[in-house]
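Below: a set of structures, written as structure tokens.
Both of the next two complexes hold subunit A, though its partner changes from subunit B to subunit C.
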Partner chain A sequence: MNAAIAPLQNGDTVLLPERIGELTGLSEFGIAGELIAAFLGAFIVANLMLAMTGVAGPWAKRKITAAFTDRIAVNHIGPGGILIIVADAVRLLSKENIIPENADRPAYDLAPIVIAGSALLGFAVIPMGSGIHLADPEVGLAFVFAVAGIASIGLVMAGYASGNKYSMLGGLRAVAQNIAYEIPLVVTGMSVVLFAGSLRMSEIVAVQNETTLFTIPGLEWAVPAWFALVNPFAFVLFLIANFAEVGRNPFDMPEAPAELIAGYQTEYSSVYFVLVYLGEFLHIFLGGAIIATIFLGGPAGPGPAELGIVWFLLKIWAVFLLTQWLRSAVPRVRIDQLIEIGWKGLLVLSFANLALTAAIVGLIA
Partner chain B sequence: MWVRFERPNVTEMNDWIAIGALAFVGLLIPLGMMAVSYLLRPSVPETSKRATYESGEIPTGGTRIRFNIQYYMVALLFVIFDIETVLLFPWAVVYLDAIESDAVTLLEILGPMVAFVVILLVGLAWAWRNGAVQWAQTPRQVDTDHNRP
Partner chain C sequence: MSTGAEADVEADADLVHDELEGVIGDRALARDDHVNAPGFVVNPDDVQDVLVDLRDEAGYDHCSCVTAQQYDDRFETIYHLKKYADPTDEVSIVVPTSLSEPVSQSAEPVYRTADWHEREAYDLVGIEYEGHPDLRRILLPETWQGHPLSADYDQEKPQIVTLSEHANPLEPDHRDPESDTMFLNVGPHHPATHGVLHVKTVLDGETIADLEPDIGYLHRCEEQMCQQGTYRHQIMPYPDRWDYVSSGLLNEWAYARAIEDLADIEVPEYAQVIRTLGAELCRIASHMLALGTFALDVYGEFTATFMYTFRDREIVQDLLEDLTGQRMMFNYFRVGGVAWDLPEPREEFFEQARDFLDELPAKVAEYNDLITTNEIFQTRCIDTGVLEPDVAKDYGCTGPVARGSGVDYDLRRDDPYGYYESLEWDVVTRDGCDNYARVLCRMEEVEESAKIVEQCLDLLEDWPEDDREIQANVPRTLKPDADAETYRAVEAAKGELGIYIRSDGTDKPARFKIRSPCFSNLSALAEMSEGEYIPDLIASLGSLDIVLGEVDR
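Showing the complex of A and B:
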């Protein structure tokens, strides 16, 4: 193990609620203290991810798209237009909330909460480095897939309850797409479990960073066995399935603006629109967090262990940048092509990847 | 060859308390935003403001339509494969340990799972041949595709 790559952070073995409990002395108060510490930890994690989406949604997305299309984008408020985040938040929250007359009411109101809440919940098991790791259950990877899957319900609710034809079509497409790419996603994730021998997130990260794949001669750089390097085929499959799962180009059929206005979010305005939009961005970041954790060594990187969170955020922003790049550069596939790519292409390839990985792990071990 | 990682010294209970806390916070934040918006936003009811959006036209018809049967087929296929992935997870978790322990041969642990996956893939091939994993086409689309030069 070379010093250039930070070994697994000590902070990762102490979870965030425990650390908060120790720092504030809450752990003296038994179960009540534990609960309060857990809430404080959850609050920190939730707000960290909300801050990320706050930067990404109103500002970074516009700036990146503008750079790709040779424009300037937001630049009036604050340095580089960064205060547009505040302006947009105030603007959207103070808009009148128009409920369409055909809306199916509790479902119409619940859908934004389900979409935003399910995405936030997924971050509970992600080790973000620098000790920011809320929970580390034995079923970590299965949990994060399950929670990310809840969003589909929110999309159906939004599409069906709006009582709008565009929303309906968008919702139907979103579900068809999510169920077509969910299985390739999970099966490809499983090929990582074959290497790691555990579903526990901290263990998956540890296995990647404790092993040296090869050493670059002359430079003495030990390259850690990140699963993206160990099994690039699985990495590419997972990236593609993930883009379909979060509904980004080239798979952004559910809200294809040229065909469906805005898909399932056509009828949402004011705070409901903010929540649906927020949920989408949280899902992109959750996808990025899963990719960073199981393929890119989680929070590991050169430098001291305290920099873990910086490396982790860099990795999820790299995935976000990739989605924005594809958004500007790749044409959208048709809905029938999308279903065929999922069921006939990715599904078969992901099972081939699983069988091959199992055989290779079996022969090496 | 892999260095095993020491389990973090926490009980399972702590984990689920923390996850529950995040679920609560994940519910609280949207509700809080709704409350803030409720205090800020105006309410100016107007005639036909709440009409369903149909590109500015007067909306016609409803959305409570019948689905194509194919939608049901794909959903059924998904349930089957989803259960399969659930059954595959325990196998994937014990795979490395089982091989390293030398208690079983490679064929013994890999064989049954490959057979299981192959049976399901045969099912997929059947569904594929019957056109269940295609996006449904209207008769007019089929006609157009058929007569395309």
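Showing the complex of A and C:
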């Protein structure tokens, strides 16, 4: 089985559920066994992501923002304040779940689950290295865009069902924003597909790491053809569209605390709030995971292939750090300006990028 | 210094009076001169006529304040008029009305700013204004019984306005199936209202179709409390509680100036320099806070800008604490001087202050890098919240709000007091008329204030040790002449902060009226925001830099 640990071979990777099946002997029980193995795999990946959000939300985010804004942040409980995670979890989960009188149920109850769930679903097709890869369908990239897009429905549900005008405005902004930015996002993603020649995530990763862009003379370092290096223009476009997609500065209009209190999440409290909040962080991480996979060579990095997951998480956190940096330093644009940037700027640029990429790929081929 | 100025005023006075008498003519029933300005008594039916002539012919374009009060035999409304070009050229129009039927013509058609001022007069004193477009209570709840500053009001009777007994201000149902608009309550609890402010907005999509600020949530009867305190000691602590975000000394100066004028007290020069120093430190702290909170409104919560401005403001706060012993409620000025001299050892205080001044340019450069040169910030702020100069004047806007609209009006220069006249500094104006201009205006004013502070430090350092007189000789009980009236204003952080005092010969004022700059500035919000988007409304509100403690008093 050891040979299968390096998952960077040409698409013929052994997926996590199969490995669990074989390691635990569950695969001998036919479809039922495979199903249980799949659930176990999903459980592991989901918990990994949730744990990351747990660290990010109450602790890392505060520490990072504090560093940017010349503060100290949490430092009382545990070393470096890390146990604030426990305190916050207890605090949030033990609070009364207040449901507004005018809430439209069950949409109100479903929205947090949709928001958090859609992001978790996306991680199913992401190759995270060290053999952590749940599924590798033919249409991997399309799948991940599709499920990430479901979150918009969750936002509208939350905004509409809360029975609060601020939530309503936040929900409407979220839709307008997501429509305006999902198209450039997907179109830019397609330029990567043109290079890779496949929508399959593992192949996109493999293509990036198999080819060498150039070798640094003297050091004998082969620089892999990560798409961020091959096509930096697409990388920047994708990054920007991604900030709008996850609703972070300068595009955090759906929440815009100074204007809309907290937008669609105004009325959520206790467990529901935790879910919405988790969902937001999961979306930032999913955005980071997509960027890492299609632009930064996925789990690839120096050292043995077993370190794949470490490199992968590092890349996700780098994207997370960037969102926090922008949040601290950049003002938000106005909703009409945002729509303008989306439709008149990014959309045009992303199609130009696609045409350019197609031409280059055609020439090389 | 002040005797010279008074002599000048008297020399000019006759000329001005003749001209005024010519404009007002026989509509002037009598003269009722105040300490600060000539006063003319006019008939309640002639108010608009007289004001229009004064505005258009004599050039009194600034209705600074409207004071209402009750005497034993009459109600009285006083319009304190000034010129933006020369605020020392003042005139008071006194409008008496009978006790039984206190109805007077409204000045609102002449000066838009009279709208809110007259509502306040109606609310607190009970004078009705004919022709006022919207004469409702402004500070007290709609259901309040009686007018608290009128003579027949029972001060002892408690009035508890509970939500169950009286109307909830947020309760009315604004749903209208015919309409395409949405009613939205911004506040009273909202992250961007900088206090307890309720803005009733009507939205068409995200565009503001109609807007009305609802104030009074922080009304603490400051005027009445001042009327119940003695001039000498008991009033001075109150001004700290109007604009409570580190503008305390500026507010204290407003009262100090009014009472010193009324009781003819001369403040020693040394004390004036200390006052100037303290006041400008307050202005720096206040403008830093304004910049930081404006960044909150445009950036999002707890951004770098907000924390940076607070970090730098903290140094000023430390200096003020060393000087006054307090961080917010300074209570440092005294009638005729200040409470105590600079803290010992003086060298240490000077060194700290100079360190701050040395570091300031680098910090201002950092703010410019981080905020004003940011392109997103510029797209958000340029050409939003537009306030044309004429509109600003009409609404009685002052301070950085007026100066951001190109109105060159600063009482420190135009109506000098303290030590400003002898110092080198400039009045900052900007022609942008938008949110961006107001922000830049404040940032540049911080630099100008730093210049003033530096000169004050030089003066104080070289001041001969045997001449450090911090307090004039003021009688223990201060009783200005009966029926002496004055209206005096200083340039506070937010604009013209004026105090009207009428003495009845006792040791407490018979009427104490506060002209708050935030009150007048806020009244222009609707004009600035209608037709713009919600984010622009929030930004405009932030750029007005209101403090609700001062709006509601």
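Please note the rule applied: the second predicted complex is superposed on the first by the 354 of 365 C-alpha atoms of A that agree within 3 Å, B and C clash if a C-alpha of one lies under 4 Å from a C-alpha of the other, contacts with A are read in each partner's own complex, and residues count from 1 in each chain.
Just so we're on the same page, a residue touches a chain if its C-beta (ideal position, glycine included) is under 8 Å from a C-beta of that chain, and two chains touch if they have at least 3 such contacts.
Bear in mind the structure is a predicted one, so any value in this text is a computation, not a measurement.
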| item | value |
| --- | --- |
| Which of subunit B and subunit C A:Glu28 touches, first, second, both or neither | neither |
| First, second, both or neither for A:Arg327, with subunit B first and subunit C second | second |
| Subunit B versus subunit C as contact partner of A:Glu182, first or second or both or neither | first |
| Greater subunit A contact set [subunit C / subunit B] | B |
| Partner chain(s) touched by A:Asp70 [first = subunit B, second = subunit C, both, neither] | second |
| Partner chain(s) touched by A:Ser198 [first = subunit B, second = subunit C, both, neither] | first |
| Partner chain in contact with A:Lys165 - subunit B first, subunit C second, else both or neither | both |
| Partner chain(s) touched by A:Val274 [first = subunit B, second = subunit C, both, neither] | first |
| Residues of subunit A at both interfaces, subunit B in one complex, subunit C in the other | 165-166, 261, 335-336 |
| In the complex, subunit C residues that touch subunit A | 182, 184, 190-192, 206, 295-304, 306-308, 311, 370, 374, 376-377, 379-380, 533-536, 538 |
| Subunit A residues touching subunit C - in the complex, by the definition given at the top | 65, 68-71, 165-166, 169, 249-250, 252, 256-261, 327-337 |
| For the subunit A and subunit B complex, residues of the former touching the latter | 8, 12-18, 34-35, 38-39, 41-43, 45-46, 50, 90, 93-102, 112-113, 116-118, 120-121, 123-125, 134-138, 142-143, 160, 162-168, 172, 176, 179-180, 182-183, 186-187, 190-191, 193-200, 202-203, 206-207, 210-211, 261, 266-267, 270-271, 274-275, 335-336, 338-340, 343-344, 347-348, 351, 354-355, 358-359, 361-365 |
| Subunit A-touching residues of subunit B, taken from the complex the two chains share | 1-3, 5-10, 12, 14-27, 29-31, 33-34, 36-38, 40-44, 49-55, 61-63, 65, 67, 71, 74-75, 77-78, 81-82, 85, 88-89, 92-97, 99-100, 106, 109-110, 113-114, 117, 121, 124, 128, 133-135, 137 |
